[in-house]
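Chain naming follows the written order as A, B, C and D, and within any one chain the residues start at number 1.
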Amino acid sequence: MKVIQARSIRKVLDHSTLILFAAIVITFGFLSSQFFTFQNLSNILIQSSSLAIIATGMTFVLLTAGIDLSVGSTMFLAGVVSAKMVAWGSPLWLACVTVLLVGTLYGLVNAFFIYRFKIIPFIVTLATFYVGRGFGLFLSETRAMNLPEGFLKIGSVSILGIPFPVLVLGVVILSAHLALSKTQFGRQIYAVGNNAEKARKAGMPVDRILLSVYLICGFCAALGGLVAIAQLGAVSPTFGKQSEFMAIAAAILGGTSLFGGKGNVFPGTLIGAVTIQSIQNGLVIVNANPYLYPLITGAVIFLIVLIDSLRHMQEVKSRRLGASF
Amino acid sequence: MSLLAVFFLTSCSQEKNGPVIGISFETLQAEYWVASLESIKAECERNGASYIESVADGDANRQFEQVSNFISRRVDGIIIAPKDAHTVIPIIKAANKANIPIAIYNRVPVENSGEYITVVADNYEIAKSAVDHMGRIAREKGGEYKAMILIGDLGDINAINRRKGFEDALVEYSDIVELVAEVPTEWNQEKALAGVTNALQANPDINFIFSSSDFLFPSIVSALKNLDKYHPVGHEDHVLLGGFDGDAMAYKMLMEGYLDVDGVQDVHFECVEAVQSIFDMIEGKEANMRIRDPGFVIHQGNIDEFAGRMWGADFASE
Amino acid sequence: MIAQLKEHYQKSDNSILYLCVLYYIVMSFITPGFFSLGNNWNLLFNLMPLVIVSIGQTCVMLTGGIDLSITSTIALSSVVGASFMSSDSGLGFNPSVSTFIGIGVMLVVGAAIGLVNGVAVTKLGMPAFMVTLTTMMFFSGFAVWLTESQNIYNLPDSFLRISSMSMRDVPIPVVAALGVMLIAYFILNTTVIGEWIYAVGLNVKVARISGVNVDGTIISCYVFCGVCAALGAVLYTSRLETGSPIMGQNILLDVIGAVVIGGTSLFGGKGKVKWTLFGVLFISLLDNGLNLIGLSYFLIMIVKGLVILFAAILNVLKERPSLAS
Amino acid sequence: MLLELKEIKKSFGQVRVLKGVSFTLEAGKVLGLVGENGAGKSTLMNILGGIHKPSSGEVFLEGKAFAPQGPTVSLNSGIALIHQELNLFPNLTVFENLFVKNFPRKSVAGIKLIDRRAAIFRAKELLEQVGLDIEPDRIVESLSPAQRQLLEIAKALSSSPRIIIFDEPTTALTRHESRRLFSLINDLRSNGIGMIYISHNLEDVISLSDDIAVLRDGEFINGYTKGGGYSLGSIIRDMVGRDMDQFFPDRDNIPRTDHLLEVKNLGMAPIVNGVSFVAKKGEVLGFYGLVGAGRSEVARCIYGLDSFEYGEVLWNGMRVKTLNPAAWISRGVAFLTEDRREEGLLLDQSIEKNVALASLGSFASAFLRRIKRKDINSAAKKKAEATRVKCDSFDGQATSTLSGGNQQKIVLAKWLLTDPKLLILDEPTKGIDVGAKHDIYELVNELVGNGSSVLLISSELEELLGMCDRILVMNRGRISAEFAKDVFNREAILESALHVMEEAIGA
């Protein structure tokens, strides 16, 4: 009896993030009939697409026990560069490609300092965080910039009934998931994150792996930025601010460890991002007092992390018990 | 390397004769602030003065530190757009103590014994009359209205005043306008977009939207377009739109006939007067210490008369 | 002579200090007003609250944790303390008594938030980053909600004088900062709990088995950090003569950046009080100098980022000259 | 000649680790490499593995000069290293660890994806070869140390090497598992693979090796060939450089009858199932059993590192309520755990600080708990010196730079400084050299001679027989037998450790 009970508790805890996510959705569903419409659920997905894409890139970096504080600046830079290019009369596709290149290049800069000079990622990306935003402000002359219709169209078209941002999100999540779980490169990322020294000794291309995760993160940040501005149609000087914290939060909420080697993009990071967005969405739908937003968001995320850590403690205990059999 | 860069940069921007003005802005996140900063700088140059500028990123403490730095550098005058009405008091005291004239731009300090110039547009009043005008349009057209307001950062006093102006103006129209959604944006376009989309999801019949700042319009427009609700004034599905600031986006929307009402602060007037008064004080002349920008409300009815005075018009033509 | 200097530099752990001195000298030449009594006072005053907050953060980081909630601690204790002291809220004590009570309340608020963080990290086993990220959201939201965005003013004169008063010609903020530094130095270097803090940061398991009260140690660090943040709030509030619900919301990266640039490890077990002092000095000097030069907003950001990177590279090259080639 | 080393020298900075070592290895032969810690064995292996480059000297692989530029080159040339510190990634699965450098892959739409099925299939083959019966998709974190060791060997085999270097492969293995490994080594030998076998367990080395090379202080001291007439004693003499008259030093204590520690019906299913025993004052009580029999777990439960479900613990006849390390230390109980790198040492910290860590409280003032720095440092230094630790400096050298034996001495010194009435030792001599072992035995005896008790958990039966007053044997979470010193019986002890008990199967 006791065993069964313990087992069922563990089952619940095992899927805590999902269950809590469901609980949030159901709660809001009860509070407002509007929440549970197909349209609203697809809204949530569209709204979380940008965050989820950025958090996906962040997950790669976190898996190697690194951190990238510069993603918000990269997003901003991406927005500014695309707006500028379009304003100078470049075709849309060229602007998009350039922006993705800029993002990747920014990742390259981070990676260069991290692996050439062995400076810890926190400092490097703190520095590029400032430089990126400063440079973006310089380009934009600290002004908000509106983008042409074409951009907004990308943001609102549907292909086969799937909204474009969701489609991009799907492709990113799918390829990230494949890369992490089905390729040698992906598995080696986990190995490096667990212990870079061991990985080096084992002859893995550690430097190349570190380089690529920052490239991927920069690329994702730029792509996430594009997806966001395609919906917004404008870039303001605060665009992308605090995104780094939200991206990290989404990844960690999805079970990724800050200390490397643990976590996944699907379902982890995706659920994390969608959870955060659902809370925001639900609060608006039920027309909550604006002052309560941060209180409720903070408390709910705290609860999710709490349950997750309780599960973790339980797991450690049972693993120890099972170890010798 | 970077030290060299600093050398280089400073050697370019150094040593003009004439007075030096320290300009400290709390933020540059809305176009309004950028326009003001540009305008003040241009005025300074026109008067043969040089300037040093700083932006505090919404942090009152940092602003205090930056102004203290100006003071220790012995600038001749200070123009400051402060974080709020209270935290500016010690700044005024410090400037008074150092005998440096100071002008407070855009926000009125609370009662105090310091000596300072204020240049201010009344956020509460302008917002109230803009929304009042929206209400009048609504009454003329007839019918029931569901209203939404985009609130700025809850830590920003101007955002609070605009929200208050909005609420107080609506009291008179409570019979036809019902407030169904308050969207906090933290002055962030992404949050605004998500918030507006969600609010429209919850209340598809919203047809009265007031934005606490014009720079959030792209988000509103984007959300409305997605639902095919963005139509010019006069269209039967037109959503009544009102804004605040008078920036380029609002100007364009007005001219194209999408925006009904905008509360405008007269940036050019404010800046010219502020700089002028500071110079008067530096030179020991009698200065206008209380400059009040009445602002104005522009709408489709007075567009020909006022459009040229909208600061966004200059930005839009660039 | 030069060789001796070089050798000294290679060996010492004061390289950030030397960098500060170099920067100071350069700035004195190129910036009008930089080398003046007034500016030095400014520097000193700007430095003090940041030093206090950073010292608290250092202690937390020594245990391998991080406290992102310091900004919300500053905001909440500012408004709570101010509302106890303000003549508007009408508690009706005489000014010096209410100053006394106000400061006490502020410190208690700081300690309480620290306690929440510490307990969540130890007893509930939650990752520090997430705990403090959510408490940051929650308590800053709480501060804004509590005051409905209004500032609290009309504080008693005896409180306002704190930031300008002197004790035997030494200004109170300096006294406070020196006091905190001395206490931290005393604790870290001469007491049992100091040894424990380093041991916990280096290896929790070893520490626990060796009889270290791990949970107690970590909790005290978070409480200390909260109290330090609250003390910072006292100085900030007094200086601005206002209790503000958004006080200090932008200093987070400066604080963590200063601690890390000083040389304290993000992973725990390595760090010193004086390193943090140098780190804060570095960040403050940087801001002050760039501010005085009169660079525009975005150039300041770019240069700030570059200088941080530059400092990090210098430091790395010092420790591992082989990387220069 | 498969492999030939000529006059290999290696210095790290000022320190000369290898001073010209030469030897040869033939195909199909096992070369035993012995020497004390710090003799240079590991450095030698790292040179062959491509991790270090020699300062001078040459290596010839099948007659050709061989100077690997990195671990990959070495591996591709057919040299596989099995490190003492396991190079596994605990967050990956078994099969991923086997192939992490080179997965079997298939092309899907032009993208090379891991061929999971092929990988699992090959993994099963390799696991079978080393006799490891686990699912290939298990997470390595959940494996026991012995299973990890075998997995490491399977990993080495996966690259089909011509030369395999074993560095202390049996420290985590039980006798049974070791024998299985030895038969694998014999198979490999008959397949023409050359092996270098490094171990402190000299009996194993003697029985396995065709040739034996002894290193001391970075120099080649002596070489033996099978049937060439040598003894354990002569090898030890070569290693240590002096005669070691008696391996397990004598002790003339008489255990008293009063109970120091008493454990009643302690349980944590399914690992510990109702264990009761008594440790008397002034005795050395041994715990023997297979890995996983629950010996360490009993100690960990008592010490409060793991929680247990039922049972009680008495100290000096009083029931103990608070079970945590701090409380035990204040009662005078110390616990040297099995994993010294993870649980014993602050690797980045100096010797002085490590030794002082558990005794800080007793060297602190009552007011403000200030540490009496001078007192504690000199006491720590004295304790460390008493363990004959070899180091450059007590306050400047990080313990991570010390050899395994010296590290263990530091941990021991830490516990001795607390002046324990009961010292629990969990595998105290695992993976450390003969000289250091001897030193540790002497320290134990000295402690017991002063009236303290020792609880010695070990997988080495010799050690228990030589050191203990009493031996308890554990089997599947229970105490299956008890032997007093005068009736020690090797066969009976092994029997009760290995025997599958009827009720255990029924449960």
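A few comments on the model shown:
Convention: a residue touches a chain if its C-beta (ideal position, glycine included) is under 8 Å from a C-beta of that chain, and two chains touch if they have at least 3 such contacts.
Here the structure is a predicted model, which means the values were calculated and not measured.
Counted by C-beta pairs in contact, the busier of A-C and A-D is A-C. One finds 29 Å separating the Cα centroids of subunit A and subunit C.
Each chain gets one centre point, the mean of its Cα atoms, and the points for subunit C and subunit D are 45 Å apart.
Rounded to whole angstrom units, the spacing between the C-alpha centres of subunit B and subunit D is 71. Those residues of subunit C in touch with two or more other chains are numbered 144, 297, 299-300, 303, 306, 309. The set of subunit B residues touching two or more other chains comprises 28, 154.
Looking at subunit D, one finds that none of its residues touch two or more other chains.
Of all possible chain pairs, the ones that touch are A-B, A-C, A-D, B-C, C-D.
Residues 28-31, 34, 151, 154, 180-184, 187-191, 193-195, 197-199, 201-203, 215, 218-219, 221-222, 225-226, 247-249, 315 of subunit B are the ones touching subunit A in the complex. Residues of subunit A touching subunit B in their complex: 32, 34-35, 37, 39-40, 43, 46-47, 50, 137, 141-144, 146, 152, 155-156, 228, 231-239, 241, 277, 280-281, 284-287, 290-291, 293. Chain contact summary for the complex, subunit A toward subunit D: residues 178, 182-184, 187-188, 190-191, 193-195, 198-199, 201-204, 261-262, 317, 319-325.
Every residue of subunit B that touches subunit C in the complex is listed here, in rising order: 1-3, 5-7, 9-11, 13, 28, 51-55, 57-62, 64-66, 68-69, 71-74, 84-87, 89-90, 110, 154-157, 159-160. Against subunit A, the residues of subunit D that register as touching in their complex are 51, 70-72, 75, 83, 87, 89-92, 96, 100-103, 105, 111-114, 116, 141-144, 268-271, 291-292, 306-307.
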